[in-house]
Every structure is written in structure tokens, then in C-alpha cells.
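Two complexes come next, and they have one chain in common, chain A, joined by chain B in the first and chain C in the second.
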Partner chain A sequence: MKQLFRGFVVSLSALILTFCSTSPDATTSLVVRIRWASDPDNLDPLVVSNSSASEVANLTYCSLLKASEADNDFVPWLAEAMPIVQWADDSLLLVSYRLRPEATWDNGSPVLARDVAFTLKVMNCPGLPTEMDQAMFGFIRDIRLDPTDARRFTLVCVGQSPDHVRSSGDFSILPEYVLDPEGQLRSIALPALRQTSRPVPAVVVAFARRYQALELNKHPERLPGCGPYRISDWQKGRYLTLARKTRWWADTLSSPPPVLQAFPDQLTYQIIPDAATATLALRRGEIDLYSLMPAAEFVRLQQSAADQQRLRFSATDSYEFLAASFDVRKSILRDALTRRALSQLFDVAALVQATQQGAAVPSVGLISPRVKAYYHDSLPLLRFDPTTAVSLLQQAGWQRRGAGPWTRPNAQGQPEQLRLDLSYRTGEPAYETAARQFSAAARAVGVAVNLRPTEQSVLSRQLRAGATDMSIRTFSGNPFSYDFTPLLHSRGIGASNNTGFSLPASDELIDRIATTDDPARKARLLRQFQLLLHQERPFTVLYFLRYRLAAAARLRVPVTGLKPGYEAARIRVEVPQL
Partner chain B sequence: MPVLLRHTAQALVAVWLTLSALFLLSRSVTDPAAFIQSTLSANTRLDARIDQAALTQQLLRRYGLSAPLFYTSWQPAAGWRWHGTGNQYHQWLGQLLAGNLGISYRQGAPVRGLLGEALRYTLPLTLLATTGSVGLAIGMATSLGYRPRARRLVLLALHGIQSFPLFLVAVGLLLLLANPDTLAWFPAFGLGLEPESGNWGQRAGELLYHLALPVLSLVIVSLPGLVIQLDGAIQQEMTRAYVATARAKGASRRRTMRGHVLRNALLPTIALLTDLLPNLVAGSVVVEVLFALPGMGRLLAEAAATQDYPLLLGAVGLVAVVRLVAQWLTDVAYQLTDPRIRL
Partner chain C sequence: MRPQHAKRPFSIRRLLAGGWLLLLAGAAVLAPSETIIPDLAHVSQPPFGVGHWLGTDPQGLDIWQALLQGTRTLALVSVPATLLTLLIGAGLGSAAGFLRNSGWQPTWRSLLTGLLVGLAALAQGPRLTPASGGLLVVTVGSWLLLGRFGFSRRRVALPVDTLVLGLMSLLESVPLLILVLAAAAVQRPSLGGLVLLLSLSCWTTPARLMRAVTLQVSAQPYLEAARAAGIPAARLLAAHIWPNTRHILLVRFPLTVALLIGLETTLSFLGVGLPPEVSSWGQLLATIRLAPTAWWLVAWPGLALVSTILSLHTLGRTK
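Up next, the complex of A and B:
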């Protein structure tokens, strides 16, 4: 046994000597290694279901338009210009595009309007996993190709929302020459595919079978897009490598816009679920970029002299916010005064310090303070004030005898106590800290809070069933769309409006905001909406998160407030000044 | 042979009951609509305007979650209701008997293939950890048998180590041996930055190098239990008369230990081995997440977190089979160690 043990030690030493001196050398090449917390899982372009898969789709395919944070709007990508919009009648929208003449597929053939028509047909093809696409793009009812120009077409859309115009260009265009080289789907009209009552034509059934036989979920390389990168290697759960196409069509443009820039020769995404491991890998140079870094890790690295030398740090305000929601259907939370009183018990400044190392942005409402045009800066920020909370509770009719609980009569005249169930997703320190802080402050003024750390699916069920009084969650937004229908409209009750909040005035405001494209009018309406929410408090925004990113010092990384927090295609290597 | 067949049949019934209970519990306790909702909320492409209720219904149909769960159901108003064979359990059992574990909701790929891929990483990890733990445990316990002073110290240390959770041990090793501030001897994660290349030997060396810290973590946490148990059995055996006889006949300490004591002392320890393999598979959840290894443990954890029922059931079923195999191996090992044992 001694020999066995010695053998083990000797082998281990030999291995150490052999490998411990090897370290990745990536000082000069345009290879960028990026950390992902999770695998894309499924890279079928019809089933892009998480942020990793979405990132890959944006690098390998092009859509007609692309969201640009710098422009606070969508900008042309595969389209030559923003579409021309016509209102056909009260319910139809005609959105006309022309594709860039330079755009080509990998085989050199041009990207044409018939590819767009083909993509829409695939997205409505029975037998394929198209539910998501149909939910998102079902408003596109038909496509009309221009007989005189193979690159021009018009999308026939239902609805009048300006957001429909942007969404009409926000799907990846698929190559017809790969999936349907004989153009068999050309004879099938898009509306015919959408009619579920009719029998499915044999040609469509055969196409669906061919599509599924490609197994794009694990072999996405079989469907090359017209984006700047192709998938060169994918080891599920380990890494995914994208190689820059040597001859990409946008390279022929003399001065390509930012959406058509792609600098790195290779992007390798390393999947490292654990944050501490990812930090070590970054510090060892095994990865070059770590985005959405936890605040504590970020600050620790920033304070380390060695890491200041080898890393570059960025932080940017995001559109994601932490909020406490109230279920306004609950008798104890039915009035705005009680909700405002409870909101006063959140100490946002302390919370930001405890959970985000001081780096988060308090806000008066659900518009990010960085969107200055729409943010209602005249409203006061939430202030931790238990005295005001007590006063507001009294105004709401609550009474307290000595150190007993707060009580008031409910709608039936029966006395009810102010006791709250507060749910949040377990395992997330920010939620837990906010909940504990609120619970302590509430207890100090005589409000009992029952904390319920809950698994995500159970929490989701609680919220839908109205089985909790309060919840602490994060919500995501963006600077392009301001449609609050699912979150706060009466039409959203039973689906995503978990607060149960709705008022005729708020419903009307939400509808008007969603159908307005004029910036000045939209700003006015959004300010009214923020004021209304500030008074009614169906939920209280605690703070907007900052996205933190650390990267190798040699890289210049364009950061963004939208996930994943960086623009991978526009990462450049800093050339040393001579 | 009939005994073996009986044991196998019993184990298969146990696996079926376990899987059925897991299937029914996981689907009845959790809300399928909530699973769809969490899937939708994780989807960054979906915007605000979609009709989530209709989409949820469509996706429930796609995943086969819109059918009744079992042959019967109880409704307070209508009482017991018979649903026939068009239920989720019947469909799942039929597929299982045909060797089809279903399609993963998350990855859209057959569960069997996903488990196979994950085992490529987990098998080397757990087999190395098992071999290392057992080998070191036997080596340490036999070496300590005649060294009372060292034995006391080592047992004290092992009792201390036994109190450390696996996560702490793994993080400690990572921060000690893969940290640029201390010793950066081993890689911090994964199985290499690039695709495997080189000949068989180089690839094996690369694999061993990358698995060193994960294996060491598993060995460190499983070693104390084995050594303490085996040492106790050895100490008990050493008081027996046959040991004194062997020594009186001139057998060396080593020969007595190896040839006589160990063989008898191993019997109670073999029972521990039944649990060792499943425990190591369970322990690989922590190690694989921490060291970014795409094995069974991580697959299981991610399937549980995302309510990927087919994958979850497949992975748990595999763990149950591993336990079955471990029990069978234990039975064989008992007979090899002591031919007098009849099961």
C-alpha cells in the first residue's frame, strides 16, 4: 500500500510539473474568452429560450432591425433603412422594408425578400416548435413581395402599436437555400399556414420532417446565418466557440455602422456556473471577460493592486430593478395609504450599501433614472421613515393599543390585523437582505411580517394564486418599449399582473402610452403614469441595478445596460502606444 | 442464482416504485403552468405584449402536461374520476418500458443521450474518487493498525475533516491550489480551454490534471468515514485469538494484517461501499457546479432548478440504478471476502 501511495504522490507531482507551467497566452490575438453562467441549452433558432442562446443568435444571424441602446431605439440591421409605415385601416399596419443590397449568405447568394417570407413561414409551420415565435410575431399576418424589387417587401400586421413596427423586424432571418433549396414552401401562402382548421399540406409536413431531422438544437452549425460569426465548436456545458467569417458581407461597407461591426476573430464562451470559480479563472487569465459580476467580488478585485494591473473594470446602469410588490386584492392592502406606509419601512440607502456595495441607483418608479427624457425627477425618492409610516397607517384607519397589533375593520366590519406574508426567491442574497430589513423595521412599528423564502416555481404559483401579501422580485425593462399592459393593466390580471392592481385611469394611461410614438407626448404620459404609481403604490421600486464587468486590461469592451452587459462583436484589443 | 434474480427483481420493483412516486409527486406538487411561466420569464426575447395565457396552454400541450396526471383523480364536487390511459403517467411508463426516457424540455434532446454525455464526465470523476478513497482508506487503516500514537493523531484529524462539508473542502482546495495569490498549480475550472487533442496518453494526462482537485475534494470528504470504520473493525479483529496465533507462528505484522485481519475487518466496511458510489454521485453535484464540469451532478441540479421533469426523472432513475448496482457489487464482494456467507 505504501508503494501505491508513493506512486500516487509521484504521479501527482509529475502531473503538476508537466502542466502547472502552462498558462493561456492570449496577449496578441483577437481571441476573446467570455464567461457564461449557463449553457445555451438549445440553439434551434425557433427555440431561443435563454440569454446565452439569444447572444449566439445575435452573432450568427441578422434580423431586419436591432435594438440599439445608444439610440434608445431600434436601428436598421439587415434592412437598408427604418421601415415605411402605413395604416391601412383601423386595425391593419403595413410595414415596408428593403434589404441591404450588400447582404449575402455564406454561399454568396444575396439575402432576398423571399428569405424573409420563408422565415415567416417556418415560424408558422405546423409540427415545429413555433409557439414562442407565433406568440411574439403572430401579429404579422402576411407578407407581400415586391414584384419589381427582389429585396423589397411589405409586412401586413394587425394592431396599431408603434412597438409592432419595431417588433416586425426583430426576428432572425433564415436561409431558404439551406432549409428549402427547391423552394417548395414558396407555393404556400403565409395565411394558409396559420389556418389550423385546414389539413396540413404534404409539402409542409415533409418540410417539418426535414427541419427536425437537422437536429438544430444540438447541431446549429447546420444552419449558417448571415451574421458575422459561425459556430465552430460547441461542447454542451463546457464551451461554445464562434469563429469570425473571413469574408462577411458587411466587410465590404466602407464605414459600417456599429451594428455591422465585428472585430474579434474568435469568441469562446466558457460555461462556469459558480461566481467564485469564474473570478479565479478571470484572475488567472483563463477567461478574458466576466460580466454581471456580483458586487462584492467586483469591489474586492477593484481594491486589489495586482488585479488593477491586469483587469479593466466597468459598471453601467441597467434597466433591471428590485421592487417590493403588494397584492392590492388583499383586504389589508386594499388602500394606497397602507401601501405607502409600508413602503416607508424600506431603507433603500442601507439596502444598496448592503447588497450592492453602494453601487445601485434609487428611483422614484419603474422608469430608469438614466432615461432622462421619461424619468419623473420631480417626485421624491423613497425615504426610510418609520414615523411617517405610523402616521400613514393611522390615516388609513389602523389603530394600535399599546404594544399590540394594528387592527381595523375590514369591508364586512370584522376586525382584521395588519400581518403580512412576504415571499421572495430563496438563494438570492439581495432579496433576503431586503426582506429581513423590512421585517425588522416593520416589527419595530408593530407590524408582524412572516418571511417566506420560496423556490421559484412555488413563488410563481403563489403570485398567480394571490397566496402572498407582498413579494420582493426583480423586473427587467428596456429603453425601447413602454408597454405596461401585462404588468399593471386590468387585462394583465390573471397572467403577469400579480399585484392585481388596476384603475380606469391607469388602464387608460397604459393604453395611451403604448399607442403613442411622439416622444414629447410619451414623456408627458409617462410622467403622469409615474405620479399615479407613486400615489397608488401597487409596488415600490427599491433600486435599479448596475451591471458590473471586469475584463482583461488589453480589451476595450463596449458596455451596455442590457443583458449580457457588453457587445461581444465590438470588443477590440487595445493596441499599445509606441 | 435464484437469490440473485430475486434481489434484482426486488431492486427493479424498488426502482419502479421510486420513479413512479417521484413522477407523481413532482408533477402533482408543482404547478406545470408555473414551470411554463418561469420558462417564459427566463426568455429574454419575449416582450410584454404576448398573450401569456394562450402561450402557456400551447406549451403545456407541447410538453404533454395538459393531460390528466394519473388514471384517476379526485375532485371535491364530482368525486373520483377515471381518465383512462390518456394520462401523463401511462404515457411516461410506456415510454420508459420501451427504453425511452423522454425529451428534455430545456434542451429539446433525448434524455438518454444527455445522460450518456454527462456520464462521460462523471464516470471518470466518481470512479477515480471511489478508487482513491477505498485504496487510501485500506492503506491508511492497515498502516495505522500497529502504530497507536500515529493512529490517535490521524483519527483525530480525520474526525475533524469529517465535519467539513464538501463545498467548504472544494472551495478551500480551489483557493489554495488554483489561486494566483497562493499556488496556481491546478486549473480553476473545467476540462481544458480547447478541444481535446493529442494521443490517448496526453488526453488521459490532461483529464487527470483537470480532475485532480474535484477528485481530491471527493476523496477528502469520503475518506474519514471509511478509515474510521475500517480502523474500528481492524482494532476489534486484532483482539481475536487467531491474530495472536498467526503472530506466534512467526507471521510478520504486515502479513498478519494483510492476510488475516484485513479480510475479516473488511466485512462491515463493505456495507459502507453500497452508499459510497451513490453518495459520490450526489457529491458530484457540488463539485461539478464549482469546478464547471458538465456531468451528471450539474445536469441533475439544473434539471431540478428548471423543472425539467423528463431529465430529472432520468437522472434520478440512473442514481437509483447505480445504487442497485452498488448493492449487487456489495453482495458479490461479501461472498468473495467470506465464502461462508450465503445470501
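Up next, the complex of A and C:
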């Protein structure tokens, strides 16, 4: 009996000790569950096609520089310091970086200049989906490695814009040791890869085949980056989990800068497309953070005593705008007059009041009114005016008999009807309301509109394929860089220029804006560009959004005006004030 | 002694039910046909306010006007879909009950021609128009080609009953809502498409009933006598079977309408039914997710829906 009792005591003690030893871990482990409206869809680092994918890329990979709203500029991330810039002759820019000596890959090997060179080669590799990278980073023509320092290199860029200096450091660095362990691409120079007229070397073809075989779009975990997190689980359309690396290279820094801080042990992104369901999940405590919350819900929760106790609310102005985008390649939308007529049917003031509780800023174009130096304040704001819309349609050659549809001859001389498909992401009240308001106003003047609420990934595919006439969606940017090449340049068509818009004049302006150093000249060019877009209307900016964010009260969430509105890696548990 | 209310052909309940349905019919006819302009200055406005006596939804749509337009949509979907459902059900059910497994003995030639034409029509799918000559070519071609073979003149007993029962079992093995949802999710249906989808998925119950009652009527001695007298099958069906079986369709009519209204509303509520620009009660109900505290978004369409389905069931039961 005594032995039995002793055994019981020993077991109980062991049990207590076990609980005692595990409890500190349980309390210090920080798991943050964040709502996403849409799945990343594709996590191949070469194809970052939506904001969810971009957020994952920023947590699993590092780039040389990173945009920081607090600093109002880009700041060094993987780079040791901001680059040294030299102007070579009239058209070249030499941007020299040195990588942080602490930076290492997951296998312990250092991140070196040859990894940057390798990344640039991948971004220009024939046979890989590099259209977007080439549109955004095509100005980087070559890389020169420093023979005396394995971490130092110089990027040779065309143009002499300060924007190119910042953009030159804004791509995720990929590990050569994973993708090309034998260093076969080292013998191929970057300019050689860019020459499309020459036959592709067998080594490059073999590399492209190996890269495609990895199926990174489905298995991103096969390509670990040097960021603080790794993808531990991904169920498409349901959730994605990022786990903090137990030994991340920046942990060795005594006082890491904000860009190198990563506090949560686990970030779980729950994909909840419907806004109301997401609010319910937040109130039930099933998620901890809900960004871009609809205004009405945000106000309602703020006024609820119970929610005030359990949630913390933040709001900030953003650089993201809601716009009605036209596919200018469609015959009915080929002329600016029709696009301007249709734009007159958006009642922006009423939409701001109804969907944003008045807390959004209408704009004449894609520059935020907050950026006073570059905003074209002489242009008139969009006014809801169906009469002008009818007049513009008539000027565009459309004719209407009685209450019938608007028609005009197309390029082949056949009559075509003004009938539009309007796509938008389903489950988002602001989009739905704008679409309905436009549809009702358009029908009132005889323009038939078919509303197409669509799931995000399907919508992205439709936009890329040019399968929709009009769409209502958001575009985001930052106040430090004004390179519109991916969005509106002819080089972006087929990649990220989904409107299909390009004119020689707009291409030239985009190039000049990107290569201009002088702020006064840049302001003048940006105003010209806004005027051109105001006349041509490849898309119509409705308003700049205000980011609204609700989070569990225990969390301290750094809020930012840059997408996604928060810094996930820097979320911490609120320490109670004694 | 029979209860007193059974003697009265028009009970209060039936009167109310009939009155409500008449009101709905009137609303469907009088509903405004122009698009409702959202009143963005009064979104989620409670009922009995100025200008919107039943309130507005979170997108500023007037609930009263949306209900009226929804009534018209309901009528345009549920009544044609019910007629088509009963037509398919009655046709297949009667054929199965009357012909059984040996009552129809076509030649191989006509059977195979029919099969080939059916396959061609399926392959042509939505491109099929009455003007297209493809089907005519297939019909004439296969008829002439099959005529060359000796076996084509032989007759074969077609197991109509087994085939129809098998088709019904197949359809009923999948829950109705899942079947309709899956089909609607593939491609958002138009008004006509929704009518077709609902009819093609809901015909099994009337078909089963028609088959059962046709079997019952077919076994009557006077029909045996008529068959023995050599009266053709078509005349037997038209003059002797259908007059004794059609009451089933009359009883099923309101119940089928109720079922289809429920299905259409569910589809619209889930966002896979009619396009957003077509008003429907289900869409109106679904707006509650945008404004969970706006009780009127559930109350009015919910009340209308419950009243309609109850009325139809009342009429269906007391027929």
C-alpha cells in the first residue's frame, strides 16, 4: 500500500512538474490569427499577384530595401545601408549595395551578392513567368559583383531616377543553394539572358524546367527565404500558417531596427471572403485581427460596450484607392469619351457617405490628395451627372432610338450595343454598393449593365485574360515611388496592366516621371500625367480608402497606411500598465 | 357525424391563403419594371421613415419596391418551373406506368435513330437552335443508313418503367438542394436557365405519383376491355387514363410551387441564383449579412415567404 501511495505521489509530482515546465512556453507563445479576404492563390515568388501573396512574400523573404511609412521612405532591410548611387554617362545609374553580414539562409550559409545576381537571372529567365518582374525591374540591366567582398555588388540601371534607386532594392532575394546548388547559372551573364534574339542556352532551359518542376505556386515551402517566417501549412481557400523560425539571423542583432523585428511565434491567416462572417469571427474570438473592415461595421463595433472591452480599434489614411477600371481593348470601351461618360454615372459623394461613413477622400486621380506636392488640385473632382454622360455618349457616336439600347458601328461597320459586364469581388459591401449604384444609374440612361460578383482568384484570372469589360477594385501604392510602368505602361500589358491602356504619350510620361530627379519637374510631369489620365480614363478613381482595423484588445498592432494596413511581424501582446 | 368545417368548401384558412396569393399575383403584375435607384443618403433606414415605409437595405434599396419586384421574379420563376416540372413528371410517370417494360416495342431503326439524334442534340448543347440543320441531317442520315441493315426492322421491348425508375433513383440519390446548388454554382443561371434547372431537378415526385396512379388505373377492368377491343394506346391515354390521373397534378401544383419558391429563395440567398440586378426575396434576405442589426431586412421578406409557402400548402392540402 505504501509503495502504491509512493508511486501515486511520484506520478503526481511528475505531472505537476510537467505542467509547471510547459506553462511558461504556453503563455509566452504568441499566435495571431488574421483575416484575409482572399487566398494568395499563387505563392511562387515570381508571381506575386495579390496583396495576400505580397504579405506572405514580405514575411518569408527579404528584399534589399523596404518601404517604411514611419521614415517616409525606403529603409535598408537585407542591405546594410541605403545604396551608394553613381551616375554613369547620361543614361546609366550605378546602385551599390552591401548585404548585412549577419544575414544567412536557413542552412546557415550567408546571403551573398551572388544570391542577388542569381535572383536577377531568375527574374529574367526565359521559360519562367517573369512578365511582371520584367515590367517592374526591367530597368536593372546588369549586376557587377565585387571581387574583394562577397557581399558587395553594384546594379547597373538604365535611367537616372531616384525612384529607380528605391525600386532596385524592392524584390525578394532567392536562395541559390536551393534552386541552383551547382551554380550552373553563374556562368551566364544577366545581359545575355535578356537578349531574346539569341538561342537560350541549354543550362538555362534545364534550370527553367527544374524551377517549374518545383511547383512553387502550390508548394512554396520548397523555397525557403531568409525572412523571419516559414510556411508551415497552407490549405487553399481556408487558411495559411506561418511559423516563426526558431533561429532567425536577425535575432543575433542586439537592437534590431523595426524592419528586422518579428515577434509572433505563429501567424495564421484565415481566409474569410465575406465581410459579415469575418466580423462575426472577430467578435467570437476566432480571429484576432481584421483589417479593412467595412465602415458601418467598424462604427457599430466601436459603439458596442462589449466590443469596446474585447477589441482595440485603429484607423489611418491609406494610399489605396477604389477605382472603376475599364478594359480599353474592348470595342465598346475603345474611346475615351465613352469611358468618361460611364465615369459620370458614379455618385462618388453619396458612395463615400454610404459605404465609408464619410471617411474617405475623393481624388481626381491616382495620386493621393495627401501628397500635396504632386496632387493635381486644379482638376475637377468626379461629379455624378447622367445628363453629361448622355451628351458624352452621343459625342462618342452612340445613338439611341426611344427607350432602346445605345448602338454604334464597330470597327468592322457592324452595329454594336453598349452593354457592359461589371465584375467585382463578392462579399465586400463597398464594391457591391458602388456596382449597384452605377448599374442603376446606367440603366436609367439606357446602358445595360450585368453585375458579376466574383470570387477574388476568379476575378484576377478574368482581369488577366481580359474577360471583363469593367471592374471595381482597389489599387494600392506608396508615397515614395512613382513608377507607373506595371500599371499603365505598354510594357505592363500582359502582366499587370490589366486595363490594356497605353499611348505613346503616356508611355513617354511614365518613363520621364520615373527618370526625373528634380522634385519640381517631377511634380509638373505628374500633373501632366494626371491630366492625361483624367482625359483618357483607363480607370476612374472613386476615392482613397481609410484603413480601419479591429484587433483583440490584448494585442498591440502597429498600424500603417501602406497595404495591408498593419505590420504583422511586429504585433505584440499588450503589457498591462501597473 | 362529420366535422362542420369539412362541409364548407371555403374555410377562413383557404380564403386567407387564396387572398394572399391573389395579392401576390396583383403585386407581380403591378410591380415597377424600371430599376430601383438606390437612395444612398438613407442606407439601412428603419421602417416607417420618410419615403421608405418598409425601410431600406444597406445599399439604399427601398424594401417595398424590392419586395414587389421580387414577387414578380418569384412568379416568373416558380410558375413556369412548376408547369414544366409537372409536364416532365406527368409525361415520364404516365409513360412508365402505362407502358411498363414491354408496352412499347419500337424497331431498332427508330430506337437507334432517336438515340443518335439525342446524342447530337446533347453535343450541340446551347448552340442548338430550331434553325440549325445539323439535327435534320443526323436524323435523315441515320434513318437511311440503319435501313440498310436487316436487324433494324426487328422490334425490341423498351423497358420504359425500369429506365424512368432508374433515372428517378439516380436524381433522388443526391439531396435536392445540393444538386441544384452544384449545378447553379458552375454557371450563374439566367431567368430561363433557372426555370430549366429547377424543373429538371424536381420532376421526380410528380413522376412517382403519376406512375403509381397510372398503374392503378391501368389495372381497371374497363381498360383491359378497351385494350382487347383494339383501341390505340394514345386514345387510351387521352380518353381513359389522364382524366382519372390528372387530379394528382392539381394537388401537386401548389406544393410544387411552394417547393420551387423555397429553392429559388435559397439559391438567391446563397448568392448563386439569379444575377444581382434581378430583385428577389432571397437576395433581400441575404442583405442582413451586411447589416446584422437591421431586423427589417429579415422581417418583411421572411414574412412574405412564410405566408406564401403556408398559403400554398393550405391550398394543396385542402384541394
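The working rule: the second predicted complex is superposed on the first by the 328 of 578 C-alpha atoms of A that agree within 3 Å, B and C clash if a C-alpha of one lies under 4 Å from a C-alpha of the other, contacts with A are read in each partner's own complex, and residues count from 1 in each chain.
As a working rule, contacts are C-beta pairs under 8 Å (C-beta built on N, C-alpha and C of every residue); 3 or more make two chains touch, one makes a residue touch a chain.
Worth saying up front: this structure is predicted, and the values here are computed from it rather than measured.
Within the superposed three-chain model, A:N42 lies in touch with chain B and out of touch with chain C [touch as defined at top]. Of the two partner chains, chain C is the only one that A:R300 touches; chain B does not reach it.
When the two complexes are overlaid on their common chain A, residue A:Q437 makes contact with chain C while staying clear of chain B.
In the superposition on chain A, A:P453 makes contact with chain C only, not with chain B. Comparing chain B with chain C, the partner in contact with more residues of chain A is B. In the overlay built on the shared chain, the residue A:Q353 is in contact with chain C alone; chain B does not reach it. Of the two partner chains placed by superposition, A:A208 touches none, neither chain B nor chain C. By the touch criterion stated above, A:K218 is placed in contact with chain B alone, chain C being left untouched.
When the two structures are aligned on the shared chain, A:T277 is found in touch with chain B and with chain C. Once the two complexes are overlaid on chain A, the chain A residues touched by chain B in the first and by chain C in the second are 274, 276-277.
Taken in their complex, chain B has these residues touching chain A: 30-31, 33-35, 37-39, 41-55, 58-59, 62, 106-109, 117-118, 132, 135-136, 138-139, 142-143, 171, 174-175, 178-181, 184-191, 193, 195, 205-206, 208-209, 212, 289-292, 294, 298-299, 302, 305, 307. In the complex of the two chains, the chain A residues touching chain B come out as 1-2, 4-5, 8, 11-12, 15-16, 18-20, 23-24, 33, 38-39, 41-42, 44, 47-51, 54, 129, 131-132, 134-136, 161, 163, 167, 215, 217-218, 233, 235-239, 268, 270-274, 276-278, 280-281, 283-284, 286, 306, 456-458, 460-461, 464, 476, 481, 483-487, 494-496, 563. Those residues of chain C lying in contact with chain A across their complex are 34-38, 40-41, 43-44, 58-61, 271, 275-277, 289-293. Only residues 274-277, 279, 294, 296, 300, 347, 350-351, 353-354, 426, 429, 432-433, 435-437, 439-441, 443-444, 449-451, 453 of chain A touch chain C when the two sit together in their complex.
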